[in-house]
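To keep things simple, chains are lettered A, B, C and D as they appear, and every chain counts its residues starting from 1.
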């Protein structure tokens, strides 16, 4: 029902054979597969870094209900003008789902107002995500936890504002924890940061992760609301 | 779509001619009229203080998605056993909409954990409710503010926990302000406190107020979530 | 500077040799030792279950700035009248620090409005507490994490309202996580739930845990504030 | 005790006779007068737009505990490099108090991540500020409300993230309301937005407003906390 735009940096997949082996058509295609489970069919568009306006023209954003963002090694190449555009649309109501290393993407950092720094370790270790908010629509249909056998570790402190709603906490084999599912409202827009994902582990093929993404798209879709009128009065 | 139970103390309307003139069939009937606007037809049940179990048997609560609560002069006559039952159901996911003087109702106070005290004045003065969260589904279709020509004043401080989300602020002619629309999550349940309402002013006939109540029922309806499992592990 | 009252159920220590071996003078004495580090000398009082009014007379509570609560097996024996009294004083500004199994104590549950249930396992496993809010006064002087070699596990979901401020997250050897340090404001009172503690592991002799408790007492101490005036106006 | 830096755009006072009549030595001097009430003597520094680095060198910021910010007509002239510097220091722990039209200042907008827009009207109307959080240290010693006879109106919606703690609500004669005292934490820094203030009304000579500013400086002062360590681990 929602119109979803999946933004992918789309560089790893073309430059690195290991990544290409996992995501041969680009990570955006794999994410898109997970969003279409037969029940909830979304209208899906793609946008990538190398396109004009990184694929995020005014038109594309105007008709986007929810934007998913995957970026990793080229955050700095995203033009500030496009960041302004995405930022404005989120405040107007467009949902934003920031995936994994998108904690460092420009649009997410702009919206958070903090560094969004964290600790990390690439060791292919086990991660278990615990649901800490069992009544949240983002966890509809999940079990009390879900396990990923091989992931990159992200550890606290995570320099973000206190989430409006904390949905997932991660446990890592090596001894760390992380706030892995964080909900925010900024302006009229809903923002969900979701930690899992990696360019060489096939995280987005995991059925439970796909369920979370589908739920998150539904949750982040805009509602009508009331007018946002600013400026001089009377 | 949702199954809604409207609980009414139902005493004023039978004991006081002024109240009976405004709400001849009971305030619950007027509230119910507002919930059925043709578009969103809910399955509506009534429950009142004088019935066995105050009308809130295990069965009734089990099939209730959202409970609306109107009480005013007989809060203390609500049996603790029934309060326990309502409380448990809210934590399991049932929505609760506490109306006007239900700030002092036992179920709402139990869920808040505070006195829920406030200041008040009965002077038939003008109230203007301002939307402070224009992106919230509870304000879908509203203008930036709505006005009630004659209301009882409720003033700050309002002794409740900081709301998860503050939706409305009221301005009163006499110089006071009030947090009039407050959203909370407790367990898996969604709770909305909504200030407007009175036994002798026909607040629940106001079209904008009715719209808020319809939106609030949709917002407070339970989602599936994930299991709430407690106790010893492994 | 603050006047601190340490409430202890004080039953385990007298009925169970294993507990008596760890806390021969009662767990309250050990907690008190940790609060007096030379720098910050508090005026400390004790109160226990068997005393009249459980030691919590109006007078005692009136002069208490911060109440620490340890209870485990006799939560139900705490009289509701005393719970009312503690509850009222917290709303007026008295700080409350709920320790370990006090998540199930009557005053804490009253203030939270939820079941405060969780998962647990008694297996003497390692716990690592991560600071997720490095700017909070409760973590003054701590490192980025602290480790307890043998603890009882508490796991999510923890059925409490979303904390105003989440300070610690726990990682457990067996694969669970927990929100171990949670800050709340209710009325004018500050509440801190702190998970570590056990009747047979000497948690309260740990220097880092003692530092947290001293910091928490300072944080939870009341400020002057402004009047809490309720009722009819003008 | 704290080292306070008062930043003033310092343009109105030199270009507009009406402003100069109210604040002949600059609004920073009047604010400073209010911070030194004999009891709590702060070390106060000034910084203004026209100075090199707008007076906010690395050295000045390094020794600043709390930065107060007054700006109005020249927000855009503040260099981004200096905004980066202020932003970084706030995340490290420096307090920031944004006064009146500083809702539109670059450092405040950077930290909030939203437009910080609002409605306004310049009509010299009465404002009454209500304390909605009577237990907060920022309201120590205040009455339940305070009144300003002539102010510029600011009205909702105010496009900021939901405050961590809402302390004041304003009522305006003309029918509007506003969240006038908003507390935030970003990184290790405490941020307080305080609405009152104007270049031609002598708001900062009001004793109650001065009390709020003194309390806010105490509240926003950094604590030691624990290390903020980011990056690769192990």
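Operating definition for what follows: a contact is a pair of C-beta atoms (placed from the backbone, for glycine too) under 8 Å apart; a residue touches a chain by one contact, two chains touch by 3 or more.
For each chain, UniProt lists the protein as follows: A, B, C, D = Trehalose utilization protein.
No experiment lies behind these values; they were computed from the predicted model shown.
Colleague: If more than half of the interface residue numbers appear on both sides, call it same; otherwise different. Which is it for subunit A (Trehalose utilization protein) and subunit B (Trehalose utilization protein)?
Modeller: same
Colleague: Quick check: more C-beta contact pairs in A-C or B-C?
Modeller: Most contacts of the two pairs: B-C.
Colleague: Indicate the whole-number Å distance between the mean C-alpha point of subunit A (Trehalose utilization protein) and the mean C-alpha point of subunit C (Trehalose utilization protein).
Modeller: One centre to the other, that is 37 Å.
Colleague: Roughly how far is subunit B (Trehalose utilization protein) from subunit C (Trehalose utilization protein), going centre to centre by Cα mean, in whole Å?
Modeller: About 34 Å, centre to centre.
Colleague: Two-or-more-chain contact residues of subunit B (Trehalose utilization protein), please, as numbers and ranges.
Modeller: Touching at least two other chains: 131, 133-134, 144, 155, 157, 162, 164-165, 176, 185, 187, 228-229.
Colleague: Sort out for me which residues of subunit D (Trehalose utilization protein) touch subunit C (Trehalose utilization protein) in the complex.
Modeller: Where subunit D (Trehalose utilization protein) meets subunit C (Trehalose utilization protein), its residues are 93, 131, 133-137, 139-144, 164-165, 185, 187-190, 222-229.
Colleague: Show which residues of subunit B (Trehalose utilization protein) lie in contact with subunit C (Trehalose utilization protein) when the two form their complex.
Modeller: 91, 110-115, 117-121, 153, 155, 157, 159, 161-162, 164, 174, 176, 184-187, 228-234
Colleague: Would you mind writing out the residues of subunit C (Trehalose utilization protein) in touch with subunit A (Trehalose utilization protein) in their complex?
Modeller: Residues in contact with subunit A (Trehalose utilization protein): 128, 130-134, 144, 155-158, 162, 165-166, 169-172, 175-177, 179.
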